[in-house]
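Below are two complexes that have chain A in common, paired first with chain B and then with chain C.
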Partner chain A sequence: MSVVDRRFPATPARLTEIRAAVREAAFLLGLPEATAGDVVLAVDEACQNIIRHAYCGECGDIVVQIGRDGPHLVVRLIDFAPPVDVSRIAPRPIEELRPGGLGTHFIREVMDDVSFLTPPDGAGNLLQMTKRIGEP
Partner chain B sequence: MEIRQETIGDAVVLIPVARVDSATAKAFEAQVLAAVNTGAPRIVVDFSALDYISSAGLRVVLVGAKMTRAPRRFVLCAMKPHIREVFDVSGFARILTITPDRAAALVA
Partner chain C sequence: MNLDKREHMGAVVVELAGEVDLQHSPRLRKALMELMLEHRDVVVDMGGVSYIDSSGIASLVEAYQMARKGGGRFILAAVSQPALRVLQLARLDKVFAIAETVDGAVGA
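Then we have the complex of A and B:
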């Protein structure tokens, strides 16, 4: 069950609100401060990637769902952009100066599993990120 | 975003305030590049007033560091623990000069 299930416009200016929603979810789930900070960063980076690479500057929304499944935190980000080519998403060497890549590196560092799942009808992509947080 | 700037001796000190994310990274980059382009021998980024940084902000820091050619110095300082963690997780802490406080940054 989600403690946060909200829809946001996919623009950089709204990332502050998305981070606040993640903080709220982390509080409701009783996550330690350090874990909360990691999850905020991972969601921020993933949303940034959706804005940049899925919507490519076009208007759209991101649905943010955060909840617990047993010992795991489960974050689902749903967008309504054309399906992304998952094979092209990869971390890049940190010395490279181009945008992107680094965010994916962060996400994989702080989350235990990151997967694209079959999106619900009408959606474009469903990114699921999970992290072990212990039993409730 | 607010980015304060001070000049101390031969150093230009930048103090980004609150957060650097993909919405504010462009303004931060403009000020970092302007500081680098002054030709000052030392650029210091003081993180003491910063509460959040994402990869967009890290990229700006890396651009600034790469554009500051030796013997000029590009030094980061006064990071809160959760900001420092982002630099550690990214591997940036290994390739950038980071000091605990501004006084150390001015001589590092």
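Then we have the complex of A and C:
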């Protein structure tokens, strides 16, 4: 069951709209408020990564799909940028006190599973993130 | 994102409110950098922050590091629950000086 399937321009100005769509989907799927806030953060950070590191400032779109698979909320983010080198995506050591690089740490910290899947024809990357519904 | 500045008992208080995200955090970073150059003690009132992401946190980290280098103080006050959650995820809730109230931060 998909509750969100929308295409957004990959720009910082549209992140507010993406967050609102994620929050609404999380509500519809019955996530507790605190968990919903975590999922909103994870999707926002993943979209930022697409804007900054996949599209590298070029124009493009992000397709946001959110649905339910059994006990899990499933988020799929599809972009049309060149395929990213997944081996180069890693959170930095959290012990280091420096300004950048926290986004990937947040995503890994709050979501249960994060993986790049084979994208559909014509797309560049497909990131799937799952979160158990009902988990505090 | 709303950002206002005021002087309070010798310190500069930045009232930060709304959503601090990738679109708005460059303005926060610029404001904090300028303030840290001009003032020794800066307090950020985060009571009205409804959302903050890694780019907003990065601006706070940069200001904190600047204060440490210059011997000043950079204090977060009245941190909202959504902002505190993100600080905790970043393990920064034990790094930053955090006061329950602005008055407490200024008097600290």
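Methods note: the second predicted complex is superposed on the first by the 126 of 136 C-alpha atoms of A that agree within 3 Å, B and C clash if a C-alpha of one lies under 4 Å from a C-alpha of the other, contacts with A are read in each partner's own complex, and residues count from 1 in each chain.
The working rule: contacts are C-beta pairs under 8 Å (C-beta built on N, C-alpha and C of every residue); 3 or more make two chains touch, one makes a residue touch a chain.
As the structure is a prediction and not an experimental result, all values here were calculated from the model.
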Touching partner for A:Q48 - first (chain B), second (chain C), both, neither: both
After the superposition on A, what does A:L77 contact: first (chain B), second (chain C), both or neither? neither
Is A:V110 touching anything from chain B or chain C once the two structures are fitted on A? First, second, both or neither. both
On the A-aligned overlay, A:G37 touches which partner chain: chain B = first, chain C = second, or both, or neither? both
Of the two partner chains, chain B (first) and chain C (second), which one does A:I18 touch, if any: first, second, both, or neither? neither
With the two structures laid over each other on chain A, which partner does A:L102 touch: chain B (first), chain C (second), both, or neither? both
Overlap the chain B and chain C contact sets on chain A and report the shared residues. 12-13, 15-16, 19, 34, 37, 40-41, 44-45, 48, 51, 94-95, 97, 99, 102-103, 105-106, 109-110
Touching chain A in the complex, chain C uses residues 19, 21-23, 51, 53-55, 57-59, 61-62, 65, 82, 85-86, 89-91, 95
Considering only the defined contacts, which chain A positions touch chain B in the complex? 12-13, 15-16, 19, 33-34, 37, 40-41, 44-45, 48, 51-52, 94-95, 97, 99, 102-103, 105-106, 109-110
What residues on chain B touch chain A, complex-wise? 19, 21-23, 52, 54-56, 58-59, 62-63, 66, 82, 85-86, 89-92, 95
Footprint of chain C on chain A - complex, ascending: 12-13, 15-16, 19, 34, 37-38, 40-41, 44-45, 48, 51, 94-95, 97-103, 105-106, 109-110
